[in-house]
Every structure is written in structure tokens, then in C-alpha cells.
Amino acid sequence: MLIQNTFQKICHLTDLKHLFEDGMSIMFGGFGGIGTPPGLVNLILELAIKDLTLIGNDTGFPHIGIGKLVTEKRAKRIIASHIGSNPNAGRYMTTGELEVEFSPQGTLVERMRAGGMGLGGILTDIGLDEEIVKRDKQTISLGEKTFLVETALTADVSIVYAKKADPFGNLVYDKSARNTNPLAAMAGAVTIAEVKEILPLGALSPEEIVTPGVFVDYIVESKGVDWQWVWEQK
Amino acid sequence: MGLGAEIRHKIAKRAAMEIRDGMLVNLGIGIPSLVPDHLPAGHFIMFHAENGIVGMGKSPDEGEEDAHLCNAGGYPVTIREGASYCDSTTAFGMIRKGLVDVTILGALQVSENGDLANWIVPGKRVPGMGGAMDLAAKAKKVIVLMNHQDKHGISKLVKSCTLPLTAKRCVHMVITEMGVFSVMPGGLLLTDQFSPYTIEEIKVSTEAEFEISESLTIYGE
Amino acid sequence: MLIQNTFQKICHLTDLKHLFEDGMSIMFGGFGGIGTPPGLVNLILELAIKDLTLIGNDTGFPHIGIGKLVTEKRAKRIIASHIGSNPNAGRYMTTGELEVEFSPQGTLVERMRAGGMGLGGILTDIGLDEEIVKRDKQTISLGEKTFLVETALTADVSIVYAKKADPFGNLVYDKSARNTNPLAAMAGAVTIAEVKEILPLGALSPEEIVTPGVFVDYIVESKGVDWQWVWEQK
Amino acid sequence: MGLGAEIRHKIAKRAAMEIRDGMLVNLGIGIPSLVPDHLPAGHFIMFHAENGIVGMGKSPDEGEEDAHLCNAGGYPVTIREGASYCDSTTAFGMIRKGLVDVTILGALQVSENGDLANWIVPGKRVPGMGGAMDLAAKAKKVIVLMNHQDKHGISKLVKSCTLPLTAKRCVHMVITEMGVFSVMPGGLLLTDQFSPYTIEEIKVSTEAEFEISESLTIYGE
């Protein structure tokens, strides 16, 4: 099927190298590795960049998803809700090699969305009594209630995985691999989508599109995962 | 958790009695994941996953797993009729708005007034709270399934939690291998006693104070 | 087609009367009347309730959408971004019969969403310099930037319009009639969906559902609009 | 707006020159809605509507209107290939994040430093700001199309706005029947002059100070 590259967004992994550098922030879609773009994670590994700030739901597993970058010590800082499935993250945190900012999961995803929506942040009462969440955050009173001020998260580059894209970058996800991808897709200054299939303009129903192409800058076709899932490992 | 399969299923079965058709239910990992085995066939309970599923069904048959259809623990699931996918903000919007009718989860400690500690052992294990704070603080009913004591024989039902809290005054019911405790305004109430444990044994094994219900249900072996 | 009322959500308009009363707040979906549920607006008109607080994008046209309730003086207060297409709204505001709180449109819809998501509010810099927006609102500084604290909006009842529903209340909208409906659907203490078509459980693709049924309490079948659109009026 | 069809189209045509393939563009009502008539056939410009459309196409033929496919003004539109629907939060997220490349709208007053007043005449007309504040504050390029003077002959290009502002220092370009003004760091710059108006006539009709571009373009009748 001939795909017209009308918006000049469709490219190869090798065309993307200039977007990455030491010390940058990268937001990633995915949940326990599911829905994290495998080809883009491998590209970052190959580029040998370091001191990254990684922002996303969790640190995957040691050799699954964003966990690969964590295991290889590419991150100096992580903002996530959970690192339990990747023991390397906990180990590097203990040795001081990795700084971890924990955000309750519902708060984290709203912070990612707020970044994508051009908001300054959101107000929530989750974690108001818990020191590890509250830390030095501002609080605000509205009537009888008190809320934590949770700031928006953005990143230099967002990497996401989707099932289908068209040349404008409209994205459709795959079942629960949607998870945090639509949020990461909006919150990057630059957003790269790795997709299973690229279809011609007009092939996606305008009703089924989850992420409008407006938010997507680059589209690459995926070769699929090169890891075994935990439940496949016998 | 150190409990045998039979006892784990006994606890899960008792928890299943708290769920009714039409409810939105979120299950944690461990014993809570056994709860669906004890629901009536043809039920209309909608199971919720934090990654973005409403309406999870049974586990897939071996070989039928789909890596893109997994629960919040990363394990393959299926969906039932009426299910939908959403992004994680919407999944947590349901939680924060109080639409999750029941959440069933594990714990490290529960206090007399319903404080929950289930996510961190300072200096030892700091996995992150994931969605536990959201769920514990906002679900309409929080049911904890746990061993009555830890591996050192120390009660997990405590007067006051010593571990960092997940959320304050959030737990409604605790089910252990010894029985069922409801968190009442005045403190804990033992409502169900599981044989072979005697009231005396339960008292000795429990740091927290508790009352005994006048309509105590006693389950046989 | 036989539809099982498995979740007891499907009902008739007459079953809903007990949900409405004087002085309550009602949030409505729709944009210029498009996507506002016509049957539910008529039900409220027939119930002769008054002193309502109406929350939604705009006041429709005098005889279109929520405009019917405004024209009939059922509202004592409106929170909206625009009332220009319904001269009655402006007239009653001038006479003091109607209190109007203006919110910039992007802020208004985020406030509606925040209510549905159980958040306390959002932070935005839109309107920071404009007195009619800023009024007595709190501001907050994050680093170099200042933001307005915009509070979440909720309502006693939300009324929305959708194209398709299943018995669980899962909703799919129709083109640009989606507009503010998914937000209103989430923000009501009780949400009523008027839908063009009710389909059996399982008939909607789990990928295409925009509003999960969790947010919907009642479903009624629509008889369609009983007004002429402005562009149809010759 | 009191301008003849020919002049309205002249203004719209000049505005169309500011748009390129791949851009996301939001058009207000009035003269801005004429801009698409002056774009090249086969263009790939994506038009955005605040109610939740990216990729609007031309107006439908009479009898082909769909009440559920309308622009933010409530009038029927069509969509082009690559279009999508979203809810209004996402439509405004695009605006607030600065993804709208160009917005073209009307105005009551524009000041020398680019302040915009286009939504309220206190005591007279208080329609509400709708999406105007979001668009004016956040679009990458804000182009105002308006009559040079109001119906009383008073300049709408002013030293300082007397009407309540929509947004401060947001306008990049103003196109009237007399010419095109760019808002530069130092003030207004006349870049295009529309016949039959002379520089002298434009100066007399304009309250605001402006410089004249060294590469002034002069358009014939």
C-alpha cells in the first residue's frame, strides 16, 4: 500500500537521532512495559546518551520496556508511581545513582495530561496526609477543603506506541496498551509515535482516533518487541 | 503470603460475598486475584484495572494470551461484553470520583481506626505507591485480605500503624485466616470467626483491640 | 432487537421526574445546542422546576438546546463561556433576573472535566490579566510563572446526548455533537444520557467507547430534536 | 461589517497568504470564514474548531447539512481526509499548548503593542469570551481582520485599548481595507498598502502610530 508522506512525519529510526542528547527529559507511554515503544527504547540505548530524566508510570521490568534504559544506567532521575517490578531501579536508588520522585499513579497521569494540555497543574487531595507525596508542595484551600498543588509534567521528547497511524499522526491504540500513551503523546515538546501499522490518510475513522495527529511530530513503523513478557518466561 | 491454597481460597470466598451485580470492583494482586473464582456464574460485576480497562473477564487459556490486553499487574486477561478501554487518567477519574464500589487489596498493617499501610518498608522495600493511595482513599469500600500475622508472628492488625500510611481511616473490612473484622466508628468488630481458631487464639494473635459481634458467624473447617 | 436491562439503567423519561427539583444544579452537554439532549430539556420544562443553576458551554439559541430553559426563566444562575447566541440570556442578565459567571471556554471545559475526575481544580494562565476572569480567584506561583486557580465544577444532575449506548451506559457520540458531552457525563452526581440508539451489551467496540458506562446512571431513548436549527430557518 | 463583498474577499485573500501546508488554523466568524476560498486547491491545511474538530473541509451542499457536524459557530461543515473528532478539552489543549499555528479573528480594537479587545462592550454587549481568550493568548500567530474604523468613523487601531482586553500583546498582524500592519517590538509597521488608499489617508484614519516598511507592497484595485 502506497502511503503518501503528506505531512513529512513518517520517517525511519535513523532519522531521529538528532532529537536525543545527554541530560534531556523523555516521557514514555506504557504500563509495566506494555505499550512502551520497543524500537525507540532500543534507539536510545544505541545512541549511548545518559543522565536522562525519565517520566512515566513505572520502570518496567529489568529487560522489558523502559526498564532497559534503567538497567543500563541511562537515567539520573525518574518520575514514576512504581519501581517495584524492576529491582535495578530500587538498587540504583539505594546507591544514590538514581533519583526517584514518586507520584501516586492517578496524580502522575493527571500531571502528564496537564503538561500536554498546557495547564500549570491540578489540585488533588490524594496524598495530602502522606509526607512522601506532600513533601514541599504547596497546598490550597477551597472552602472547607484542602488540596495539594501538583505541577504539570512535560518533556523534551515523548515516545509512545500505537496500533495504527495515518500520515497526519492520528493515533489509535491497542486495547490496554493505550494506558498512558495518549497522555505522553500530548506532553512532549516533540512526540514520536512508534506504530504497528501506517495507513493512508482517511483510512482511520474520525470517531475512533484517540490522539489527534496535531500532537505527533514523527511516525516510525515498529518491528515489535524484542523481549519476552514475564508471563511467557518459563 | 505463606498461607495454604485452601485458606487463601477461604478468605477470597468470604470477600466475594461483599460483591453484588452491577458493582465496579478493583482487585489487587495476591489473594484478591482469587476472588473471581468464588462469584456466581453469569454475574454482572465489572472489574476495573488502573491501566484502563472496565469489564475484565477470566484469565485467557494458555496460548491465547495477548500482550496488549493485561491487567495492572502486567498479566494477560480477557474482557467481557460491555467492557471498554480508556487511558489511565479516566481509569483514575473513576477511582477519585468514588465510583469504585469495592477495592480488595493486601496490607502490611491495618490499625484499629482503619489506617492502611501497604506500600513501603522504609530502608528495605520502596516500590512506590502505584495506584494504592488513590484506591485506598477513594473506593466506597476497602477490604483488606491479609495474613493475620507477619512471618515473625507479629500482629498486622495493630493499635496504630508504625509503617508509613497509604491512606488514613480508609479500611472498612479486614479478612484474615482467623476471621473478619469490620472497622466501626468505635473500633474493630469481629463479625466472622474461622475455625479452627478460637476467640482466645484470635485475641492472643491480635495487637489491636476488637469487640465481638453479637451475631458472630462461625465458619467450620 | 431485544435489549436486556441488565444494569437497570434503561428507563423512560417519566421514570426520571424524581431526580429534579427547584434550586438544583444541572450540567448539560452541547455546544450551540448541538449535542444538548432535547427530550431531557423538554422534561425539565414540563416539570416546571425553577431557580436552577445551569452549567455548560453556552446558552444555546432562544428556542434551541438549553436556551429553552433560559428563555422560560428557569435558571437563576448560569456558568458558561458564551451567551451571545441567546439574547434572552443577556436581557435577563441586564435586568438582574439571571446571574452569569463567565469562564473562558477552555477553562470552563477543564473545570467540568476536573469535577468529573474528582479533582479540586486546575491551574491555568488564561485570563490572568483580565479582571472579569480573575475576579476574586486565588493565584499560585510555580517557579517564574503565575497561574489562576480554577475550581472544579460538578452538578446534582448531568444531562448528555449520545449516538449509541449499551445497557451498561457505555456511550459513543456523533461527530461534533461529542463536544462537551463526555465532560458533563462525568461531572454529575447523577448522569442521564439521552441516546439515539440503545444496543445490546457487547455491540459497541470496547475501543470506540468514549464514555465508560461507569459514569452513566440512566439511559433514555431520544425522539430527536423538536426545534429547527438556525441554518434551517428560512 | 459594513464592507463590500469585494473588499472582504481582498482582506481574506491577503490573510490566506499567511497560511501554509501542514498548519493548524482556527478561523473566527465573519471575514475570517472567507479565507478558505483563497487557498490553493489540494492544500493540506488542517482547520480546527473549538467544539472538537481537526480537519474541517468546505461547507456542505444545500440539503447535505448534518446537524451533528458543525463548526464552533453552529453552522454545518464537512471534514477532509485525516480529520478527527475530540471533546472540547482536547480541542482547547491544542490551543493552550500552542499548537494552533494561525488564528484569524475579528476585533473591536487593536493597540500599537498588539493588545486585543474583541469580546465585550461594557453596558452594551456582554456575550462572553467563548474561546477568544484562549486563542488570542496562545496561538502562534494571531491575525486580526477588521474594518479600519468603526461605524462612527473612529479608528480601531488605537494607541491603547479603551475596551476590556481579550489578551495582552497577542496580535501579530492586522489586515483592514486600507492595508496590512505587523506588530513589531517597536510598534506597528505598515507592510502592505491597499489601493485606492494613500499613505496620507491611512495616517489620517489611524489613531495608532505606525512606521512604513521600506519594502512596502502596494496592491492595485
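A, B, C and D are the chain letters, set down in written order, and residue numbers restart from 1 in every chain.
What we mean here is this: a residue touches a chain if its C-beta (ideal position, glycine included) is under 8 Å from a C-beta of that chain, and two chains touch if they have at least 3 such contacts.
Fair warning: this is a prediction, and the values are worked out from it, not measured in the lab.
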Neighbouring chains shared between subunit A and subunit B, ordered by label: C
Chain of greatest Cα-centre distance to subunit B: D
Pair exhibiting more inter-chain C-beta contacts, A-D or C-D: C-D
Subunit B and subunit C, separation of their C-alpha mean positions in angstrom: 36
Rounded Å distance between subunit A and subunit C, as computed from the means of their C-alpha atoms: 32
Approximate Å spacing (C-alpha centroids) for the pair subunit C, subunit D: 29
Residue list for subunit D, restricted to those that touch at least two other chains: 85-86, 89, 92-93, 95-96, 138
For subunit C, residues that touch 2 or more chains besides their own: 110, 117-119, 124-125, 173, 175, 206-207
Chain pairs in mutual contact under the definition given at the outset: A-B, A-C, A-D, B-C, C-D
Complex interface listing, subunit C residues touching subunit B: 6-8, 116-119, 166-168, 170, 186, 201-202, 204, 206-207, 209, 212-215
Touching residues on subunit C, where the partner in the complex is subunit A: 110, 114, 117-125, 138, 140, 142, 145, 147, 149, 151-152, 172-173, 175, 206-208
Subunit A-touching residues of subunit B, taken from the complex the two chains share: 49-53, 65-76, 85-89, 92-93, 95-96, 120, 125-134, 137-138, 164-168
Sites on subunit D touched by subunit A in the complex: 22, 24, 44, 46, 48, 54-55, 79, 81-86, 89-90, 92-99, 138
Subunit A residues touching subunit B - in the complex, by the definition given at the top: 31-35, 57-58, 61, 80-85, 90, 93, 100, 102, 104-107, 109-110, 113, 124-127, 129-133, 163, 173-183, 210, 225, 229-232
